[in-house]
Amino acid sequence: MSAIVWQLLHALLMVGLAPLVTGIVRLAKSRLQGRRGPSPLQPYRDLYRLLQKEAIVADSASWLFRVAPYLIFTATWTGAAIVPAFTSDMTLVPAADLIALVAMLGVARFFTALAGMDVGTAFGGIGSSREMMIASLAEPAMLMMTFSLSLLAGTTAPAGIGAFVLKGGIHLDVSAGLALLSLLMVAIAENGRIPVDNPSTHLELTMVHEAMVLEYSGRHLALIEAAGMVRLLLYMTLIASIFAPWGIAQPDEPAVFAVTGLLLFLVKVVLMAVALAVFETSIAKMRVFRVADFLGGALLLALLATIFIYVSEAV
Amino acid sequence: MLIAAAALSLLVLAMVAVVAGRFPVVHRMVYGATMVAALVLTGGALDHLTGMSAGEAPTTVLPIGLPWLQAHFRLDTLTAFFMAMINAVAALASLFAIGYGTHVPEHRRVTPLFPLFLFGMNMVLLADDAFSFLVSWEFMSLSSWLLVLSDHRSETNREAARIYLIMAVAGTFCLLAMFGLLSGYGGDYTFATMRHTELSGLPAHLVVVLLLFGAGSKAGLVPLHAWLPLAHPAAPSHVSALMSGVMTKVALYAIIRVLFDLNGGVVWWWGAVMMVVGAVTAVVGVLYAMMQTDLKRLLAYSTVENVGIIVVALGLALAFLDSGDRLSAALALVAGLYHALNHSFFKSLLFLGAGAVLGSTHERNLNTLGGLLKRMPITGTTFLVGAAAISALPPLNGFVSEWLVFQALFRGPALPHWTMKFGIPVVGALLALAAALAAACFVRAYGIAFLGRARSAAAAHAVEVNAPMRWALLALAGICVVLGVLPVVVSTALAFVVNPLIDVQMNPAAGMGWPWLSPTGSVKGSYSATVVILVGGLLLLAARFAVRVWGVRKLRRAPAWDCGHAEDIANAQYTADSFAQPIRRVFGSTLFAAREEVEMPMPGDMEPARHRVIMRDPVWDFLYVPIGVAVGRIADLVNRLQFQTVRRYLLLMFLTLVFLLILVAVRR
Amino acid sequence: MILGLLPQVAWILGFPLVGALVLALLPAWRWAAWGNVVISGGTLVAAAMLLGQPLPRPTRMFLIDPFNIYLVVLTAFVAFTTAIFSAAYISREAKAGQLDAKHLRFYHGMYQAFVFSMLLALTANNIGLMWVAVEAATLTTVLMVSLYRTRAAIEAAWKYFILCSVGIGMALFGTTLVYLAAQPVMGEGELAMAWSYLVIAAPGFQPDLLSLAFVFLLVGYGTKTGLAPLHAWLPDAHAEGPTPISAVLSGLLLNVALYALLRFKMIMAANGQSMLPGPLMIAMGLSSVSLAAFMLYRRGDIKRLFAYSSIEHMGIITFAFGIGGAVANFAGLMHMTMHSLTKSAIFFGVGIITQNAGTKHMDSIRGLTVSHPALGWAFLVAVLAIAGLPPMGIFMSEFLVVSSAFAREPLLTLPLAFGLMVGFGALLHRLQGLSFGEPLPMRGHAHPGFALSALALAPMFAHIALVLVAGLYLPAQLVDWFQRVAGLLG
Amino acid sequence: MTYEPLAYEFDVAHMIDAMVLMFGFQLLYQRRMQSVLRSFALQAVALAAAAAWQAHVQRAPHLYATAAIALVFKGMIVPFALNWLVVKLGIHRNVETALGIGPSMIVGVALVALSILLVLPVTGKATALTRESLALAMSVILLGMLMMITRHNAVTQVVGFMALENGLILAAVGAKGMPLVVEISIAFSVLVAMILFGIFFFQIRERFDSLDLRYLEYYRGDRQ
């Protein structure tokens, strides 16, 4: 029973918190760049404004174009609902492990890319093809990361891994470090952050994600934007729940722990947001075809992580 | 009995189609009857699967074939599973063909062979001795060869058919030698005796190698896949669906039958070899697919990829079997069978979809299609389901089997052998890569063909296909969804199929019971499509509700914006080639030596600038072409013998005689 | 009587012998053609009589045993069907003015003489008599190969004659050597040349002499069997003669020559300590298969193509007997039977095709399944059968050869399988070219009309039907014979 | 009743056989058509002598028939017929060799050595024919074949073929009590051979002016 309640709270939290996190990142970035920047609540306003606008759909678009935003948002949200943020006592925790999580983000990407091509414009195509190229390397990296973690913790479920870490299963470990590194790289790529992509650009040559959603407007755009924000938060949560699971309440622990866990979670998220901002401002966007090398590196790191486990086992 | 009747009725149908082929209605009737027969066969097989708990596998012996051997046929669970799968697909393909059959070029050459082809496949599954197995096997190859040849006026089809049959026969020779080894030098070719004779050492290894060559070439393992992307598209689409969706499975059946049933012992590196081959096949196959612009050929290559995934699963099962971890072996095998099942459904769905597109636009080239989703809503939607399923997206069936494969793979490092410990992560990486690329590949295929704007008049005036075809597509799409949403049910059934091969009863929901698919215990990771889709649906409604509440409902149709560059030329869209470009640069430049050439016209003249992509196929360049050249050279060399004088021929004879005499002289 | 002529054999040999004389004198070729059919029919009936009754005791000159009984029937049968086909074929040739009455009289007379000599060779118990018969068969066919009197025909016949006469000489010497080996054990006279006695007394023979003899016999009869590198006469003789003759050459004569060789192999096997013929036969078989396989690629002339395929199949059979053992020998015997049925069927088809197309050049023939459905599909099936695809009989024998040989001699079987593959590639290439694609215009004789074309097609269908049935079901009696002979062959 | 011949009878037999072989060498050695035919006739005569001697030794009168056949057909008719052909068809008189005289002699010697090597292990008792005669006969056969393959001209090839058959007969007559059927067949083969050759020559003459086989191979089997 409590599981369902926590689950609902968690799901709502994910959606409710996501714009704020994005806002914090933006704020931090503009501060770092010496601007005052908008308030962290700005994303909420943006979303609301978009919802108020009428949606314009290109003549050449099919029904898919209109359905896609809902699917994208839902898929991302469902994914987010799985990763424990402050308690792992949730209905959905056993319903999907990391592999399934990757796949759900895959669903979102699949429809984003299709939507990008639906209108039949050049930019949509650019976006989709680049997005799929990036994904074709990011997903394997993610899965390999899962692989090495499952070797360490003996499970593919994020909650399970977290629990394992809490039990002190993973001390400071080479393979864990490598896995974390590759996860970070993947997260950057998947959220279209600098240096892979620039969320705030509309420059034809560089943009990837933006190119796909170019044709969207009104509520559809709102959904897609929201989905993006949720995805960012999702990755932060994931990293937190796997590599810094401290404070996440376990099923067998009393409910109070969940509250402390929530507070801790907020702290973690804010920290990560700031870190992301710092990273983004300190690095330059790379050419599209360098991304392949970047993610290939991620994949390799994940692979190394797995190999290193044997090394540590062997000794 | 029922099964036999249905199988024989297929032969009769072929006769009917030959005799009365000139009336279109006959073709519809034949396909209809084929569907019924296939349904009966499916039913029989399923009934056997469900009622199989007690009874032994019934064996029939017919007084044909080798005189001292006779023809043995047997229906055990493995056979029943494959029969159910094959005939189910075949039934829907025939349903499709009721509407499609008479639109095929040279359809009078197609209809009679369709039932024969199905008959051959069923016989392969039922055969219980090497002779009838190979006869049926070749029967299958021959009928499909003629089907590939049906549109025989095109040179390319003839070429494809030729290569196909040559490789098929080569494969048969391998299997022939293999059975020779399995049966020992006894001349008793029944599978029963093969089960009892335990091979070991070199013969056993040889068996596996020959099997991988023989059945592997049929299944399309790299580098023996060369015929597949030529032959499958050349056949009419409802036949391609069978060839790609089902015939490859028959080949896999052969592999399973021999490795897990007949060949007795296991050696770890067989599994290793299969995994490596499978992984390479998967990646290479999907990369090929990514580069194709011909829709049906793209699908054929993706078949290669999926076969690779299945073979990896089989190899993994072997490896576990060798290490004695039967439960994991069962898991891997279940994963493989599950993927085989899924693939046969969504691949036939996709091929039939391609057939529908071909039927109403007469175009197979992606760059001439576009915007079909609006013109052909049913076809477009079902194809979307197929594409999503093959890209392993939850909650569809493709994902479940992929999930199982990875679950099995993640237990690989438990294997004792170090090659495995280090190899399996790499295999896993390759599989993951293949999966991701598959998604990219089908986004491309679907996006170019069904979305955007029509790139040709044919595509612009396409119309939705007729009822039988629509129903076939819908049914297949439905099956894909069901197989995805009820993973526990399906994999329980599969565990039951696997049981006699590995003799361990695996419980797919070991962890937490229905509907949580958790074959390896609750802690090791679980997946519940049922719950996920439920929650997903709720969240979708929630999102919809939120938008309703806070948003406005207004919606305006307008010309595309496209950063203001929008112009109404369909050619300005991304084409299949341009979509593939990033991945081609990343992966293809080394593997396919892919280059891009731009021809700029001289200043002043009017012709457009041209952009060409040049790719080379390593398999052909380094394997098949050299063989062909070598044969040609030798043929030329030998051919000189035809043009000698009588005296020289006498000389030859004389030398032979003297040589033999010397032989006799020195032998003492 | 002195020759110890068996009554059954008397009938079998009498029909063709008398027929030869009658037909040689009969002026009207139309009558001769039908007479040919009737006489062959009579021979077939006489041969079929053998099947019912128990095997007669062999005399010094003649014997009927499990080995030759079915070959006799087979020969009579193919001779009969070929006679029917030739009736249709000849009438078209004559209408087109290719052959005149004189040549036709000669042709029919020789046809029967040829059949006679083959049957004689098969039924002879005396190895000398067998030799005479085989040689007679050569001479008659030489005359028929040169029937068209074209430059090519004459050269082919000349080649054929010279090479086979030399071969025959070798065979005679081999026979003499066998007699020399036998004489000390069995005393002088005919007894020492009667096979059925030789095979019993064989263990006492001098092994070295036998090995020597076998070499000469292999070269001698091997030449007539068309084993590479002694095959040179075969393709041209097949290509230049009238097609019915090509059919009987491939279908029957080669079998007879091989039969003669096998009789001696039995003696070797019975003797035991002489040099085993197996390796020699395997070597010859492999060389034939591989040479023919590659030769097939450069053939433009349809009749030569199938002549080379005959060489290939003779190679397979020789290989099988070389491997030896119950299964392989069974396969060899089966293959002999199936090959003669299938190959003659193919040559029937080839005859009609060349007459329709007016050319033997395959590049100018295309799309037969479209232009002549019945002929085209039947031809397709026949060629697939010869290529060893199921459910035809040849598949069964190839299955047995390869699988049993691979279990024993993998290294020797690889080249065989490879050769078969290569040959298959060539055949398939040509087959697709002939049967499919947009048909080309036919510049041959005028269309014969329904009756005649049906007459021409009937034998082909009959053969294909038989091969198909044999591929699925073999009568127990035949199997029994095969197995007994396989035992004797060692 | 079987009769064991005396030693000297063997020696005589061997002597005659050796003469046959010698003429075989002479055939190889000749450069002119006429002399080739002459030495062929001589070989035939020697053969006839061998046959007659065997008839005498073995008390086998039917062998006299063989001797007669050999003498009449091969010793007289064949040489005359061939000679007539040479004249009638205006074949140039000297032999065209593919392999020089000297080398072919050497090869011939090697062949004789081979046949001796082959018959060595055959123990004398076990055969109806002594080792020597067997070796000699075999060498005659091989020499005949050698002649066929080292001479271009059709007539010389025919001669070579005949020489080969002489070897066969030599073996046959030596074989004790070999049934008549063989001799008949040989005679018959010679007869038919002659007839056929005649037919061929006429047909060939209809089309070509020369008998040289090189013209006959004008037709290249299967031109692509």
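Chains: A, B, C and D, in written order; residue numbering restarts at 1 for each.
Keep this in mind: contacts are C-beta pairs under 8 Å (C-beta built on N, C-alpha and C of every residue); 3 or more make two chains touch, one makes a residue touch a chain.
Here the structure is a predicted model, which is why all the values come from computation and not from measurement.
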Set of chains whose contacts include both subunit D and subunit B: C
Return the chain whose centre of C-alpha atoms lies at maximal distance from the corresponding centre of subunit A. D
Comparison of B-C and C-D by number of C-beta pairs in contact, larger one: B-C
Find the geometric centre of each of subunit A and subunit D from their Cα atoms only, then give the gap between the two centres in Å, rounded to an integer. 99
Starting from the mean Cα coordinates of subunit A and subunit C, work out the distance between those two points in Å. 78
Geometric centre distance via CA averages, subunit C-subunit B, whole Å: 44
Cα centroid separation between subunit C and subunit D, in whole Å? 31
Any chance you could list the residues of subunit B touching two or more other chains? 642, 644, 646, 650, 657, 661, 664, 668
Find every residue in subunit A that makes contact with two or more other chains and list them. none
Using the touch rule from the top of the page, what residues of subunit D touch 2 or more other chains? 118, 121, 145, 148, 157, 216-217, 221-222
Every touching chain pair, please? A-B, B-C, B-D, C-D
Counting only contacts in the complex, subunit B reaches subunit A at residues 370-371, 373-374, 380, 384, 388, 391-394, 399, 402-403, 406-407, 409-410, 413, 421-422, 425-426, 428-429, 432-433, 435-437, 439-440, 443-444, 446-448, 450-453, 511-512, 516, 518, 522-528, 531-532, 535-536, 539-540, 543-544, 547, 550-552, 554-563, 565-566, 570, 572-574, 578-583, 585-586
Complex contacts: residues of subunit D adjacent to subunit C: 2, 118-119, 121-123, 125-129, 134, 137-138, 141, 145, 148, 157, 161, 164-165, 167-168, 171-172, 175-179, 181-182, 185-186, 188-189, 192-193, 196, 200, 203-204, 207, 216-219, 221-224
Per the contact definition, I'd like the list of subunit C residues that touch subunit D in the complex. 126, 128-129, 131-132, 135, 139, 142, 146, 149, 151-152, 154-155, 157-158, 161-162, 165-166, 168-169, 172-173, 175-177, 179-181, 183-184, 187-190, 192-193, 206, 208-209, 212, 235-236, 239, 298-301, 304
Give the list of subunit A residues in touch with subunit B in this complex. 11, 48, 51-64, 70-71, 73-75, 77-78, 81, 91-92, 94-100, 103-104, 106-107, 109-110, 113-114, 116-126, 128-130, 132-133, 135-140, 143-144, 146-148, 150-151, 154-157, 160, 202, 204, 214-215, 218-219, 222-223, 288-289, 292, 299, 302-303, 306-307, 309-310
Touch list for subunit B against partner subunit C, complex: 63-68, 130-131, 134-135, 138-139, 142, 149, 152-153, 155, 158, 161-162, 165-166, 169-170, 173, 176-177, 179-181, 183-185, 187, 189, 206, 631-632, 634-639, 641-642, 644, 646, 649-650, 652-653, 656-657, 660-661, 663-664, 667-668
